[in-house]
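Should a chain be cited, it is by its letter among A, B, C and D, assigned in written order, with residues numbered from 1 in that chain.
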Amino acid sequence: MTHIGLIGLGRMGGNMRERLRAAGIEVTGYDHNPEITDVPSVDALIAALPSPRVVWVMVPAGAITDAVITELAAKLSEGDLVIDGGNTRFTEDDRHAAMLAERGIRFVDVGVSGGIWGLENGYGLMVGGERADVEELMPVFDALRPEGPREEGFVHAGPIGAGHYVKMVHNGIEYGLMQAYAEGFELLERAERVHDVAGSFRAWQRGTVVRSWLLDLMVRALDEDADLSEIEGYVDDSGEGRWTVEEAIANAVPMPAISASLFARFESRQDDSPAMKAVAALRNQFGGHSIKKA
Amino acid sequence: MTHIGLIGLGRMGGNMRERLRAAGIEVTGYDHNPEITDVPSVDALIAALPSPRVVWVMVPAGAITDAVITELAAKLSEGDLVIDGGNTRFTEDDRHAAMLAERGIRFVDVGVSGGIWGLENGYGLMVGGERADVEELMPVFDALRPEGPREEGFVHAGPIGAGHYVKMVHNGIEYGLMQAYAEGFELLERAERVHDVAGSFRAWQRGTVVRSWLLDLMVRALDEDADLSEIEGYVDDSGEGRWTVEEAIANAVPMPAISASLFARFESRQDDSPAMKAVAALRNQFGGHSIKKA
Amino acid sequence: MTHIGLIGLGRMGGNMRERLRAAGIEVTGYDHNPEITDVPSVDALIAALPSPRVVWVMVPAGAITDAVITELAAKLSEGDLVIDGGNTRFTEDDRHAAMLAERGIRFVDVGVSGGIWGLENGYGLMVGGERADVEELMPVFDALRPEGPREEGFVHAGPIGAGHYVKMVHNGIEYGLMQAYAEGFELLERAERVHDVAGSFRAWQRGTVVRSWLLDLMVRALDEDADLSEIEGYVDDSGEGRWTVEEAIANAVPMPAISASLFARFESRQDDSPAMKAVAALRNQFGGHSIKKA
Amino acid sequence: MTHIGLIGLGRMGGNMRERLRAAGIEVTGYDHNPEITDVPSVDALIAALPSPRVVWVMVPAGAITDAVITELAAKLSEGDLVIDGGNTRFTEDDRHAAMLAERGIRFVDVGVSGGIWGLENGYGLMVGGERADVEELMPVFDALRPEGPREEGFVHAGPIGAGHYVKMVHNGIEYGLMQAYAEGFELLERAERVHDVAGSFRAWQRGTVVRSWLLDLMVRALDEDADLSEIEGYVDDSGEGRWTVEEAIANAVPMPAISASLFARFESRQDDSPAMKAVAALRNQFGGHSIKKA
């Protein structure tokens, strides 16, 4: 267990390899990019690991994770253990776990938070799986998680899927937090009375109720570009916000602020809004209000 | 009372003059546009009216209405009656009424709905004021309101300001109704499975739960431009939606759908969103997610 | 084709049988309730129909519709045609159609709007399926739909599933429309200046921009109970609103007003809000603000 | 300037007096509560201060702040300086400043964040006013603000009113942040798969994107009551959230998440929802859906 395999050495996986090694965990990493991989193939990675093997998968959620886990199900042996540390939807975990279980391979899902700062700060870890499997992996988790009390950067949240579930909700909350700061930013930018918007955010970093790590990052962004004039207001979404709202709907949980944050992202990517065309058309029809030609 | 003055002969006032005259009400109209006015000045209008004079003001809300009512307060006589039929904020009615009352001039406020269709269909009327004053004006109201039972197109809703209050809420509801159709339109437009979006709206006109006059207008708009491709999704707001949400806030009334409709209009008029710049900046800071350059 | 089978004779199906018969369509109806059924069993219903058989399924969406269509797939013959007129999720239509197609049985999905008023007013119909199948069914559709031009109460919206898709969006819009009137009602109820809330709604029925069938129903409700004091603010949702928002999310369509309407229903069914417990707890933690004991 | 007057020694003012004194600032405090006041009256407080006097007002916003500032305007002398550190609406600052300026008294407004933790952690300070006045007050501000770089806990945001404006937006953001955590909490509570909700929040404290001071407080609250079962989901609002949304509306700034947070508070205080009564009534009218009797 002091030697694990790691598939996927991108922005997240590459840093994690470094942090694990710094903590004395032996890591054999595989990536399709030959410049950063430790071994030339998944087969070579499997061959390099002691038994029972532990393989941490850290590749993009969806089809690629699917393909990697399917390959591991075919190539690993009974008693081995696969960890999915990507942003996989929790509903997929059941399918992956079942596929692996058919071959006697164990599965643990981990939600990993921290982004590009995790190498330095450590990663917040949310874990789902069997207690014994999680226990076995604690040295790895301890190496990845931040300094400080274990329970402040790590949770074994429940059975398989629970880790990704908690990470999904974490990301949903993240959408809401960012939207709150963003709405406040826009109002301050618009207010004639406020002469120092960046300074106001900066001054919120200590002592205030709204201080947070995201606020610190907002200050960093404003330090680089005080009115964000170089950035377009175009925001992607990676899926976790959508799943959070879908879960809310499935469980009849009101989620007005997080859903508003999700919809704001959708809007940010539209050149023109079909809905607003319809409203403009209606106003024109009943009131003769002028419309703009597209 | 079969002879009234009407100040403002634009899209609304001009049609109202026509509808009133068709009903046998004598109307002297004044407009700053010499091509459509009946008399050359407000003074001439006042001189033309029998005593006690009734003057219906139908000019843009805000500064222009203020100026006209201030002029009438100076020039009319005790016992005369001013009607404000514009989209004045109800809070202004108290001020206008007080200004007129100092000179013994009576005041009634009327919310008028129906847009450019009112000439043909009649206008929905929401009235605030003293019972006796409203009674005196019933022939005028009956001429303007739609055919059918009086109470289905007319209400004396309460004291001064109540007419504009009810009209304000009417318009807030209108925002929500339009937004609901618009969101549905956008989803249908996006759905590959649906081959006839305009036909779907058309088919909702009879028998369905969502049938309405606005739906009929939506069909008219789609008849002219089946995918609204010639219209830009840019929507103004005239103030009544804002006041409705402000009143909701003042009264601690949750108003999630109507406020969402208002905010959607604000968004429709933004070239780029400062808030979404902030979210993009934050995602870039923590996750290294790429941003678009403005 | 002038003789069809109808399974499910509840609030919707029973009225539809009556309307079809009034239009000269022969209907053999089956319901598990022996007091209203025409035949004792599905087998008897199948035996009673001429070939190729047309069977309209009008039972609750979900498990019951599934069971009925599964039974029909087993018992009908090649060339027969099944219509699902319930509020089935469009994604289920593909599965049902495939199951029937294996046996050479045709499938058409129909969204039916109009509620308990359909018997009298006719039903708005949104249809998905093959053109030839839809053509064959036009006498049935013409009997069910409202008087007036066919296209104002009927649409063949696209391939299988399109009928239920359009009905789903129709219901999503319906949520938004109702919420808009409801928010306006609450604000008027709260406004001291407005003395006649029910009268205001009544006065909106003619000439105004917000006039609609739902508004007429609101007036009916207020006629029965002017301040709705006898009704609890508890609102179920049958699924179509949820699916609409899920589809919006899947298609990156902003849907702030309709989603707000859905969440308002969720909230209406909560005795206490876990989310608001959390907000109260937070305020207590940072500000010492008092909290209410549960 | 090393001796200031402080009016209002409640939860905030009392702690501020203590923190100021600990930093070597002499403070004469007045409170209507004889047990905590330093002097028996405002007159005594004024008499005790060196000239030019500096008086910090820290009383509830609204009528009480109005009364205190009015009294100070009457009793202070030319060249004295009044600071309003309460949660006064920025629009009031102009009025207060004008009232004081008539007597040659200076005015500075300060938004103070930090709640009951400010004594220990220091207070985040957002200041509006003339540069020279702010400079003069820097020893006081430095004593109150948190340890660390001045600009991370203090901002001179602009002219009079700017301090309260920035504090208002700070509180609006605070509403959104709390609502985001709260919605996530509710979903986790509802999720069967998640066995340790409190542990999940605890694990977010380090390394994650959502870490913040509010999150730390959420953990404290869950430590005391793991499912918040002892707290009612009833949340007051003190005005700043309302003003933030009103300012957004006045400036055409979309504010969907913060407004949703505000409306959620309104809902939390309703025994029953008039709006949802209306929706229930409508569903009953068109669909015969059952309603609950109030």
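The definition used in the following text is that a contact is a pair of C-beta atoms (placed from the backbone, for glycine too) under 8 Å apart; a residue touches a chain by one contact, two chains touch by 3 or more.
Computed from a predicted structure; not experimentally measured.
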item: Between chain A and chain C, the fewest steps along chains that touch one another; value: 1
item: Centre-to-centre distance between chain D and chain B (centres being mean Cα positions), rounded to whole Å; value: 38
item: Rounded Å distance between chain A and chain B, as computed from the means of their C-alpha atoms; value: 47
item: CA centroid of chain B to CA centroid of chain C, Å; value: 33
item: Interface hub residues of chain C, defined as touching at least two other chains; value: 115, 179, 181, 183, 186, 190, 209, 213-214, 253-256, 260, 263-264, 267, 273, 275, 286
item: Topology of the chain contact graph, where touching chains are joined (line, ring, star, complete, other); value: complete
item: Touch list for chain A against partner chain B, complex; value: 11, 115-117, 178-179, 181-183, 185-186, 189-190, 213-214, 217-218, 220-221, 225, 228-236, 256, 260, 264-265, 267-268, 272-289, 291-294
item: Chain C - residues contacting chain B, complex; value: 90, 113-115, 118, 121-126, 128, 145-148, 151-159, 161-162, 165-166, 169-177, 179-181, 183-184, 186-188, 190-191, 193-196, 199-200, 202-215, 244, 247-248, 251, 253-258, 260-261, 263-264
item: Residues of chain C defined as touching chain A within the complex; value: 209, 242, 245-246, 249-250, 252-256, 259-260, 262-264, 266-267, 269-270, 273, 275, 286
